[in-house]
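Note that the chains take the letters A, B, C and D in the order they are written out, and that residue 1 is the start of every chain.
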Amino acid sequence: MNRIRKVSSKIISEQEAVETFVKDGTRLRSGGIAVRKPFALLNEVVRQRKKDITLLLSGFTEDGDILVGAGVVNKLEGSYFGLEALGLAHNYRRAYEQGIPQKILIEEYSNFGMTMRFMAAAMGLPFMPTKTHLGSDLVKYNVLREKKAHVLEDPFTGEKVMLLPACHADVALVHAQRCDADGNLQVWGQIGDDEWGCRAAKVVVAEVEEVVDESIIRRDPNRTILPGFMVDAIVIAPFGSHPYQCQGYYDLDLEFRKMYASMTKTREGFLQYLEDWIYGVDSHQEYLKKLGSERLERLKAKPYFSEPVNYGY
Amino acid sequence: MTLPYTLAELMAVHAGRQIKDGEVAFIGTGLPMLGAMLAKRLHAPHAVMIYESGVIDARPKRTPISIGDACLVPDSAMLGGLVEAIGFLLQAGHVDLGFIGAAQIDIHGNINTSVIGEYHHPQVRLPGSGGANDIGSLAQRIVIMLAQDKRKFVEKLDYLTTPGYLWGKGARQEVGLPRGGPAKVITNLGIYGFDENLEMYLESYHPGITIEKIKENVSWDIKISPQVQETEPPTPEELRLLREEFDPQGIFLGGRE
Amino acid sequence: MNRIRKVSSKIISEQEAVETFVKDGTRLRSGGIAVRKPFALLNEVVRQRKKDITLLLSGFTEDGDILVGAGVVNKLEGSYFGLEALGLAHNYRRAYEQGIPQKILIEEYSNFGMTMRFMAAAMGLPFMPTKTHLGSDLVKYNVLREKKAHVLEDPFTGEKVMLLPACHADVALVHAQRCDADGNLQVWGQIGDDEWGCRAAKVVVAEVEEVVDESIIRRDPNRTILPGFMVDAIVIAPFGSHPYQCQGYYDLDLEFRKMYASMTKTREGFLQYLEDWIYGVDSHQEYLKKLGSERLERLKAKPYFSEPVNYGY
Amino acid sequence: MTLPYTLAELMAVHAGRQIKDGEVAFIGTGLPMLGAMLAKRLHAPHAVMIYESGVIDARPKRTPISIGDACLVPDSAMLGGLVEAIGFLLQAGHVDLGFIGAAQIDIHGNINTSVIGEYHHPQVRLPGSGGANDIGSLAQRIVIMLAQDKRKFVEKLDYLTTPGYLWGKGARQEVGLPRGGPAKVITNLGIYGFDENLEMYLESYHPGITIEKIKENVSWDIKISPQVQETEPPTPEELRLLREEFDPQGIFLGGRE
């Protein structure tokens, strides 16, 4: 594998990133479980009207709901499909219950099951063992895979263990706080399953709040979750997780999330949302303009800084 | 009869009271979060709260809107991801109790949060497992919380998302689950425990709720504890904290203004 | 499980920690692979003349060699037994080849095999899969376990996978940069397999360079590798990893390591080392006094600080 | 004949030349570390060096004394542990080449670093696998480095610590190894490759070493490449770097003072 790249060329627009790496039919892992969701990239995937995407996630919320509602996604492997405290995910329900805008197929696991499936893929293993799923209907209904799970009698103790198959992705989208020009990617706050989800993909497209000098990254390498040679493209997207949070950068936009939950109760409402916030804006930058600087200012994180630590020897 | 508190408030209070001081608790979205805030403030200051996105020993300054809320992060003791929260702490047996919601529940505390109706062509598609199957499989005990009606307390689940006691004694062991099972079910009508046959029974009915009403809202012939009593009401301090500090906007407890 | 403790009582001397938690016959996991080895505690284990310890590690160097030479350890599960660039581990050779001071039994795996075995135990699983050990004699010779490894035909792909059994420990000793009074343990620099090794033990005894205010820890919770409620005792041991390194605190003492390698070529030399550096000093503090403040000053790490990051929202 | 460099220096130089620019290399203790420093400075500035304690893309300012040396940490790109270095990068196939030492080697590049003699009652107990079995099993290719003599180039290993090509064609696949195998063997006498039968052959003999001498130091009838030639000597710059910057104390290259 030749890892030499012209470093400067990794930083590209969200349009170019999605055009280049997200193809119709891609197995797409999207990052974040309830935090740091890569909405700047996901909105662009919708804007480019990709088709037949298989979406791979632990917890789908607005991210999966928008992609399903926009007809981008027709298969999902995941665990949770809802809007958390804000109720059910309506596009998802309409698609599953009524085939609007199209029928979707779902292979369901638990959150941890998905994490372990990503870990298996990331570690080059065909499966990972767990002590979950046992005795439940999660392993009874298989939809996309001929063999969804396997109960093994442990050869050492005789106890029963659930083996879950590796979940490989073609492309992983992830939102991170920062990286350097080579793509060394740093995250803090909850990690969710982004480490393993990203590593399970052949290609990683990262959106970041900012690209910083490599000296910042390399003075604190314990914060890196993915080395630059595994990151194929970098999209600079401040507030890219809006309406979700990004630790140290901004808080959630609860009003926006409530608006989404409310608008999407009807198909018409969702189409309006699509027009207002995705098709009707050209880019993430336009999206931010539409939100308005006053609103963004209000969402900005308060300072609560860690102390420096010494990496010297 | 009008109570000086709502049944949602009563549920949050009793969720909190399930957490004993020094215990490690796995907290889900919604009322359990409010309960955890109460517990930590009042009777369980040494309890350790875990959120599945990777937050260990959280001390949030506001009530989190979700398990991934950034407000859980500052002043927590450790941050990892699902591998740490579930793989390490929960799966290895370090979590004393976890909270789970339910759309359907049966006599053995098995839970459905996936579909109402036939799996492939349901009347209602629900969110699915999320972390529920993990918590229900792996915590030392779980507390189940739901708004009760007859269609939810069913004889047969449409889908078994999260194992309670499955078909009863020895069943969890037989399928390979390492421990655990439901300890309590807290609804808007009463609080339930599980007997030696691992079947649900009524422990207490909420103020203003009759046993008759409870029976009407269970599809099977629910057992009643000989010691059944009225559920203890919230204390003024619990109510004050919920209303003034933990959910002033009524996000989880509903509009109260 | 009742996790309530009188917090102040967790901080104890190395004498009390070893007396209380390390019993004859303990399955003992010791931390650090080539870095941050808990020598202050290990020396105390030797000083207290513990017996029949089973030592669990990936890479044994001076740590394992001293414990074997002192007759503390008679069984080992691990991977590497040598002094790295400084050559073979002589006590280990004498014990294995000649039974001096006693015969030792070894169950061998690779470094990664040991890590995965710790991970299995830490995750409450009976085994972990790997793609190593396959085709080698590592799985041919079993010494301590009736079943040391198992080749599984993966039920999903048919490929062969090596299952390695969980490695549980009674007690884990670990050296970390710092913790708070509750034991929330922070490490930076290489992690090795300390995360999983510690989590595989019923009891964790941590030696740290310093105990800091909990606000320091809780302002940077991503650096924590083990929550306080899993740490049973804290021993304050500045320079506790000497002659090894501790990132941000001190460099390795190469002269000391060379001296060890040279002295231990003979049994007599090792007995002299024991007398000079372990039996002949009462405590870690005495050991440091013997090294001398000038020497310690020289080993002190130069400053090379990370930047603070914002944890606010 | 006295060379203007030592054979250890020649080995370090050729270790370094195995690393191509842009490759991801897994570096072990000793001469490969010096080779990696040379490669990074001279012909492979974009190579990514991994050390198994968890250091990814290291840029050490001095030559590390071990795989865990703290000097590998500052200015590295990422720090994790063995799970990241081996489980993620190596096992998933992201590592192009790795270096391994050997106490015994056979015609198929299988390696013994565990015992000389019978396993339970050996003449010499050696360090064992460490990360060698992992690297040999999982890297895209490995480079083996050892001081050569007849007792080390053996017909049958006393113990197979790390698989080379096992018994030959298809063997790695048959036991379940996902890829890899030895590409080169670098000794103090010459450099060896592997032919289409996955058997070792001599590619080059070092200056001052005869083919005769090489044959004397192999237990089997070693094949000689038709293109066999003298090993390319180090450049002055390579020697200068080794002596003045990377190992001035002679820790790996021996006393030179």
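Everything below uses one rule, namely that a residue touches a chain if its C-beta (ideal position, glycine included) is under 8 Å from a C-beta of that chain, and two chains touch if they have at least 3 such contacts.
Treat the numbers as computed from the prediction; the structure is a model and nothing was measured.
Where touching is counted per the definition, the chains common to subunit C and subunit D are A. Of all chains, the one whose mean C-alpha position sits at the greatest distance from that of subunit C is B. Between B-C and A-B, more C-beta contact pairs join the chains of A-B. Put simply, the C-alpha centre of subunit A and that of subunit C have 37 angstrom between them. Subunit B and subunit C have Cα centroids lying 40 Å from one another.
Subunit B and subunit D have Cα centroids separated by 57 Å.
In terms of their C-alpha centroids, the spacing between subunit A and subunit B amounts to 28 Å. Residue positions of subunit C touching 2 or more other chains: 124-125, 130-131, 159, 161, 188-189, 191, 219, 222, 245, 247, 251, 301, 304, 311-313.
Residues of subunit B in contact with two or more other chains: 55, 70, 73-74, 79, 87, 91, 138, 178. Listed in rising order, the residues of subunit C touching subunit D in the complex are 32-35, 58-59, 78-82, 84-85, 88-89, 92-93, 96-97, 108-113, 115-116, 119, 130-138, 141, 151, 159-162, 188-196, 245-247, 251-252, 254, 301, 304. Looking at the complex, you find that subunit A touches subunit C at residues 124-131, 147, 150, 152, 154-157, 159, 161, 163, 165-166, 177, 188-189, 191, 216, 219-220, 222-223, 245, 247-251, 301-313.
Contacts from subunit D toward subunit A in the complex involve residues 20-24, 46-48, 55-57, 59, 70-71, 73-79, 87-88, 91-94, 96, 138, 140, 178.
The part of subunit D that touches subunit C in the complex is made up of residues 29-30, 51-55, 65-70, 72-74, 79-83, 86-87, 90-91, 114, 119-134, 137-138, 159-163, 166, 171-172, 175-178, 251-252.
Those residues of subunit C that touch subunit B in the complex are listed here as 1-4, 121-125, 182, 184, 199, 217-219, 221-222, 224-230, 311-313.
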